[in-house]
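Order of writing sets the labels: A, B, C, D, E, F, G, H, I, J, K and L. Residues in every chain begin at 1.
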Amino acid sequence: MKDPVYKIIELTGTSTTSIEDAVTKAIRRAHQTVKHLCWFQVIDTRGNIGKGKIHHWQVTIKVGFAVEA
Amino acid sequence: MKDPVYKIIELTGTSTTSIEDAVTKAIRRAHQTVKHLCWFQVIDTRGNIGKGKIHHWQVTIKVGFAVEA
Amino acid sequence: MKDPVYKIIELTGTSTTSIEDAVTKAIRRAHQTVKHLCWFQVIDTRGNIGKGKIHHWQVTIKVGFAVEA
Amino acid sequence: MKDPVYKIIELTGTSTTSIEDAVTKAIRRAHQTVKHLCWFQVIDTRGNIGKGKIHHWQVTIKVGFAVEA
Amino acid sequence: MKDPVYKIIELTGTSTTSIEDAVTKAIRRAHQTVKHLCWFQVIDTRGNIGKGKIHHWQVTIKVGFAVEA
Amino acid sequence: MKDPVYKIIELTGTSTTSIEDAVTKAIRRAHQTVKHLCWFQVIDTRGNIGKGKIHHWQVTIKVGFAVEA
Amino acid sequence: MKDPVYKIIELTGTSTTSIEDAVTKAIRRAHQTVKHLCWFQVIDTRGNIGKGKIHHWQVTIKVGFAVEA
Amino acid sequence: MKDPVYKIIELTGTSTTSIEDAVTKAIRRAHQTVKHLCWFQVIDTRGNIGKGKIHHWQVTIKVGFAVEA
Amino acid sequence: MKDPVYKIIELTGTSTTSIEDAVTKAIRRAHQTVKHLCWFQVIDTRGNIGKGKIHHWQVTIKVGFAVEA
Amino acid sequence: MKDPVYKIIELTGTSTTSIEDAVTKAIRRAHQTVKHLCWFQVIDTRGNIGKGKIHHWQVTIKVGFAVEA
Amino acid sequence: MKDPVYKIIELTGTSTTSIEDAVTKAIRRAHQTVKHLCWFQVIDTRGNIGKGKIHHWQVTIKVGFAVEA
Amino acid sequence: MKDPVYKIIELTGTSTTSIEDAVTKAIRRAHQTVKHLCWFQVIDTRGNIGKGKIHHWQVTIKVGFAVEA
């Protein structure tokens, strides 16, 4: 694959504990259906709040993976 | 689904009448193939012009939906 | 008030019908507690979706108003 | 005109009723002096407020048109 | 409250340990004076350094909350 | 106050003479009602024009101040 | 198809020779599985370097195509 | 002129002394050929340097003016 | 011309072959009616696609030129 | 040093565990050669993926430090 | 030097009096160690506040200079 | 080098012929003094014009390289 082509998809992972955990969950889910995941980039970090506490971290990432020729 | 993961896709809806109609049409089309659409965000509002009149509003949105575990 | 000073607040108005209606509702609410509203700027247009239909338009605006000396 | 060149101008249309109407008025005015208008893009949506009501929607667009060779 | 209106404020939380902790502290402080906090968005992540070590993480967020009708 | 929390507000100062004077006036006004102003950032520099001359510089700033625990 | 709806996907094409070639390769690959490709926009131009020479140009594009009703 | 339309042009003014002077010169020049200048916005502040000293401040502004119906 | 003033216009050049050729064509066309072109900046690179092949590169540039005193 | 001047450099720290650890490592490395590091700002958060797991967090920061007179 | 190469560094100049003075001080300091400074661009204008008064203007610039072949 | 740290510098390469050539020249020059160049990103594409022709393409890139532990 001399000149690979990559596709980039956008996912939002969520977690009650941390930004890293939210990203990890999004990637784990993507890996179930897409092979050859290569890289990610965090593009938005948000969350929802209930009773003054963070309920879920919501981290949106772009994930790139090689598409076969 | 304690920590849901969402996928975000990008669509351009078009309409001869209004921005709201263009967005509605994009979402209606997405709903034909994707369940659990949750939210959208308008990211670009354009249009083409013919003989000095707006021909089509072209509104690009991101649409998020929950992916099953 | 030769050199006025303005304060800018950020609001999200919502509407089941249109972007214009969501902005109008945010401004009407602000007018209840703040006098001298002068201008607004739309900074984000989003919405939530239920069963493939737009439930609420959510339009975030900045609103500027003169503060008294 | 094998490889057309376009010029892009920036206009602000205003309307007491809607974003679409403000854009329409800007394009109608441009059409009086420029032929071959092709497309537009909304780049800013603002307005002024009087007594808690929107007075004018002010929508800034870029408008592209073909220039003759 | 059929068409709620939200206000968005901007806060910088600080922490010696993590980004998540800085956000949590900003939200906990906001909760003391504002009820109905709904969501937040991270908009800037900075910090100050002393003797080659991170002294404080400084994380700026926007926080949205429903305003009563 | 080991881990301080800051609030950030947005103001537009105006001046007939300079950018620096417009910022100074916005900060002076904020200081009348808010103590512990810490920093500012210029986010927009505009002005209105009358008869080909600058009438007012309008400089929008964000101002951060410590909120008490 | 009076009011068409388009989907937009994001791809990174790579090439050892030029930006144009990287874009061409990404589009050629997309054309294998998606019909009715209409337009693209370059959104990022990067590359990797080995021994002081450019190894691959990596050009990320958005590609729009009409989805059938 | 119930719903005015404005045109926006982009200019770079230069000055050996200050940002304000560069803006003033650009507006004065525009006023020679365009009437009804209404507002400006600073969009870029640059300069060239000779022998370690600022030679010219180069300030790019957008200037809006009402176009006649 | 001690403190020159520049005007900046926006053009889209098109080419079937390359980005450089599209820019060159836009500048050549501008040169027919405007003297003293000084610099350009690429601000958008797009294209249209037909049958899986790039039909036209569409490169939008800003072009600055000195206006006479 | 009444009016200090600061220099800002850009670094990417990497870590297998967290964003905070990647930033810490970049700052620790910078401290080996530059004294008086004052502040940092996170400007990009990325990572590479192997077999569906995050291999390295790659966090790009700007770091500011006082330069001596 | 037919095809010169430039390096761009980022500096923050400070001043108790004006934006122009802060930029001037940053450039003067850079000139002590780097020859052939060519241009600068203002990228951020901030300041710190003490007792309701601006203490220091902090203006961040990019400065370009020719590197020798 | 388990968790490498990278430094990113900004360069402007110039060329009379193409964007690719301008980038190549900037990287070649950087390689004279910095080893282990890893990647680059194009962040600005400009040029100067003389007599209606492009004189130099000026392409600004960020270049990342591994710093030794």
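By definition in this document, contacts are C-beta pairs under 8 Å (C-beta built on N, C-alpha and C of every residue); 3 or more make two chains touch, one makes a residue touch a chain.
What you are looking at is a predicted structure, and each value in this text was computed from that prediction instead of being measured.
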According to the touch definition, list the chains common to the neighbour sets of chain E and chain H. F
Chain at maximum distance from chain J, centres defined as averaged CA atoms: D
How many angstrom lie between the centres of chain D and chain K, each centre taken as the mean Cα position? 38
Which whole number of Å gives the spacing of the CA centres of chain C and chain H? 30
Flagged in chain K as touching 2+ other chains are 9-10, 18-19
Among all the chains shown, which pairs meet the touch rule set out at the top? A-B, A-E, A-G, A-J, B-C, B-D, B-G, C-D, C-E, C-F, D-H, D-I, E-F, E-J, F-H, F-K, G-I, G-L, H-I, H-K, I-L, J-K, J-L, K-L
Touching chain B in the complex, chain D uses residues 18-20, 23-24, 27-28, 30-31, 37-42, 63
Sites on chain A touched by chain G in the complex: 2-10, 62, 64, 67, 69
For a test of understanding, state which residues of chain C touch chain B in their complex under the given definition. 17-19, 44-49, 51-54, 57
Seen from chain G, its contact residues with chain A in the complex are 9-16, 22, 25-26, 29, 56, 60
